[in-house]
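So, here come the structures, one by one.
Next, two complexes with chain A in common: one pairs it with chain B, the other with chain C.
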Partner chain A sequence: MEEDTRDRPIPSGTAASTPAAQNGCSRQLTDDEVDRYSRQMIVPGMGKEGQLRLINSRVLIIGAGGLGCPAAQYIAGAGIGTVGIVDGDVVETSNLHRQVGHATSRIGMKKVESLITHLRGLNPLPSYIPYPTHLTPQNAAEIISQYDLIMDCTDNPATRYLISDMCVLLGKPLVSAASIQKSGQLIVLNCPPTPQGLVDGNYAPCYRCCFRKPPPPSSMVSCGEAGIMGPVVGMMGVAQAGEAIKILASALHIPPRPLADDDATPERNLRQPTLLIYTYDLESAVGPYSFRALRMGGRRRNCFACGEGSTLTLEGVQAGSPNYEQFCSMPTSRASLPQEERITAAAYHAAKERGELSEHILLDTREKEHFSFGSIEGAVNVPFGKVLMKAAAIMRDGGSGRDILPVEAGDRDAPIFVVCRTGLDSQETVEKLKELGLDDGGKRKIVDIAGGMRAWKQDVDPSFPFI
Partner chain B sequence: MADASESATIPITVDFSGGLEMLFDNKRRHSISLPATDVGGKPANIAFLIDHLCRNLMKDPRAELFVFDGHIRPGILVLVNDADWELEGEEAYEIQPRDNILFVSTLHGG
Partner chain C sequence: MAPKPPQGHFNILYFASAGSYTSKNVEALPAPLPLRKLFSTLEERYQGIRASVLEHSMVTVNLAYADVPDEEGPEDKDEIVIQEGDEVAIIPPVSSG
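Showing the complex of A and B:
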């Protein structure tokens, strides 16, 4: 299989047919290159040919965070000739446990500049191209069209669908990964790229073929809320670089013969790609199900982007169709309480200072890990999931609504104030407590602290450790 | 006869990943005995399994994080013996003894 692909000259008129890719394979490696890349060149299947292909390749890394940093290190180290990096954010202290291409001394710097500083130290030979901006439907085509392979290292579904659609329209292979808390996922898509609309045959899927619809926003949490273990996202970023290097060195993104009949081509796991999932468990050692390799389907006939009769176009995307933000933000049923059941963090604090709230229960519904870092004086912690679970059990099996509250607060009749991280869970909690009759038919006040601990930090106590 | 069909069950394992285990007692792997047929006597398929899980296994009341309009919610992949369920017939796939059904939430962070 390797023989097949390695010794084949890169055909023209394909995704990798940049001038450099056509010309480069005949040149010799410099002494510095031989020295630097020798350990990977002697790996069977790689060789000088593979190395030259890497040197003549252009890779775009979108996102310079927990995936992008480790991915970029190996992409740069392996000698990919041109490395573009897209990210509009700046380096923050809370990034550094996982975003290992940045540094404490570069906090506040644009992430692309910071990462490129690090990569130049690692390997000065590649050309590094910074794009200190977020990818948008307006700039995506111009940036992505310059590269041979795209790595999706972003952190939100709207950008993920945008990247995939552009890769379909521009014929680019896509290496996609994602990670949050203790889980990671990795998949190679649109490789080799096939013209949009071709469906009679076995073709590689795009992101939309595998992940037809985004999850509702209410079910999604960010790394800021759910947390993220550095080695988990790091592992996925490194694996992404591994896939990209393999694709480019072995020219897996180039069909052996353009649109050849599929039976003649060796199985390369591309047309029905594998979704790798990694599950990390803080309570046990690595086990038989820590890694799973899942077999996904090929291109879907009715895929919105790459399927039959697709109406997706570059011009349309640029003009705002489809609307990625809207597609990824279906309406939610999150509560919005009337004004009389809410109080601002500042007003709560002022009333408390004036002694007007001497007798009340302050219920904090954040996760216990968040609560452990600090809370408003006197707060009791019942995580939101617990609130819902207990409420459901009471509705089902009977019992007193007071059982939801911690014992020390359960038998008091004082007003209840509810606070959470950003002010959504607390509103739902207020509604739940009323449903369970804890408001005593309206006689007892149950009030939401609007904006949660985020508002508390912003308006009351700037030193509060909001995480 | 009715007794026999009511008591017939299929032993399977059901796995949850990507955060969904949170809805199922924080356990990632459940060995369950699934009734071999639904109330109408049709062989148990994935749609029936999903309903069964919601009624019997889910500890968290937030069912909308798992099902939506009577179907699996967008953003959850279903895998039958490690293959995407679309390769197996999706909801209509008839469950076989010792099948492994994996529900995994798609991730977006990075």
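Showing the complex of A and C:
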């Protein structure tokens, strides 16, 4: 992919390192630029100087999805001079309700190409640099080092930790956002960047300072599984662009001199940044929607990446240490059940068709929204969260393990089959039911349907509406 | 806004997976409670929540980040004790987008 330079020379090195970018007086604005950016330049505090800083800035947007699309629109619209976009995926129909930089006519196109097409229509002046690849420990340094500010618009924990570590090592400010279902988070990290290992003082935190350990994979759900409301992730992406523009236009990412002069300029105090949490939930007790601004701590003395004596290096990351994939998929209790406690979707179906399955209870542990799109005949729905909650309540307060079964399942001793979406929750449910003694010391059969409804669609009923 | 906690209680807000795990967005728990006892108090109510949610979550008290001391660790006289009327939040990382 050739870099599109259009009419503007690409500044050598990062803009932040050139005095011109810091004082924003490298050149005059063109008539087109004055016209295009006038409404933001007349905002108090922005001015021509702020605009020139934006034009001289290079921003990297990692992820061209639900966060990256709205973020990129405002980054491009504001006239950031160089916009890099990293994403290895292609546009799918299910993206379009929230990924507003793509289009129905571009389904199947690489997301970076699709988004840049959209951005050029919005503003042809910036240089757009496509990286139609996933960010990896091997390519991250080369890409990230080219930019002044990084926006984490990704969708998985391994990449989030990789991006944060690279921003620490390369001294880049990071604007990070995330969103799922009906809530979102936003935080500015590593801004202004300070060398790794400095801890005696007031320094900005990195992602690891805030979230030391990734959650177990079992609790990490993707938008594909848990769902996401377009306006929620859109709001977070737009806010993310807002923070990036503010930082670059005001040069907040450039450490003030002298470094110790913290408090004289309170607007620079991103060293204890705010975590913005947006919730949009009709059932929420904290209101139908709410913003909460939570004050974070600064750099953690013992942070693995930026703290005292950190052993994190660029060479190490490139060579595979730390191992991000492994770090984010730590061994969990999600043990695979032994063969005799499982049945394949096809075998279950065949046995049922042949009338070999006696009376049994079929529990479907998907969320009720998934269940409502279709289920295996005779299945009763007990969402996995309810299973865990009821199991905890029974273990705490005592009571019969049978209470975990829905009333429809009755007071029968029939064998229990458990099915979920992809075959993980169902295994854990089988284990829980046994812990509660529902297997009657092994007399009652409790098994999971391996591969869940995904396998059912694949091997039994291709018309099943699997979502 | 969350309802005011009853006398002798504090509010605890559960965000993201903490909300799914507890099936609640907010509840009132008895105060005062030393912050170091928070996780074990929650574990008693929601078995398994410590490993699944709490250990990798951020905790705030009255809208500010708080370090939860190790329950077995040495006592520190400056340690945070959650007081009546306080607002505590459990904030797990979200990584989708």
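Brief remarks on what is shown
Heads up, the rule we're going with is that the second predicted complex is superposed on the first by the 382 of 467 C-alpha atoms of A that agree within 3 Å, B and C clash if a C-alpha of one lies under 4 Å from a C-alpha of the other, contacts with A are read in each partner's own complex, and residues count from 1 in each chain.
Going forward, contacts are C-beta pairs under 8 Å (C-beta built on N, C-alpha and C of every residue); 3 or more make two chains touch, one makes a residue touch a chain.
Predicted model, so just to flag it, every value in this text is computed and none were measured.
On the shared subunit chain A, the superposed partners chain B and chain C overlap sterically.
When the shared chain is aligned, no partner comes close enough to touch A:318: not chain B, not chain C.
Of the two partner chains, neither chain B nor chain C is touched by A:458. Look at A:422: by the touch rule set out above, it reaches neither chain B nor chain C.
When both complexes are overlaid on chain A, the residue A:212 reaches chain B and chain C alike. In the superposition on chain A, A:202 makes contact with neither chain B nor chain C. The interface of chain A with chain B overlaps its interface with chain C at residues 63, 65-68, 153-157, 160, 177-180, 183-185, 210-216, 218-220, 222-223, 226, 228, 233, 275, 277, 279, 292-297, 385, 388-389, 391-392. Within the complex formed with chain A, the residues of chain C that make contact are 1-3, 13, 15-17, 20-26, 44-48, 51-53, 55-56, 58, 60, 63-65, 67, 89, 91-97. By the touch criterion given at the top, residues 15, 17-19, 22, 28-29, 59-62, 64-65, 68, 73-77, 79, 82-84, 86-87, 102, 104-110 of chain B touch chain A in their complex.
Note for the complex: chain A touches chain C at residues 63, 65-68, 153-157, 160, 177-180, 183-185, 210-216, 218-223, 226, 228, 233, 236-237, 275, 277, 279, 281, 283-287, 290, 292-297, 385-386, 388-389, 391-392, 395-396. Of all the residues in chain A, the ones that touch chain B in their complex are 63, 65-68, 153-157, 160, 177-181, 183-185, 210-216, 218-220, 222-223, 226, 228, 233, 275, 277, 279, 289, 292-297, 300, 333, 385, 388-389, 391-392.
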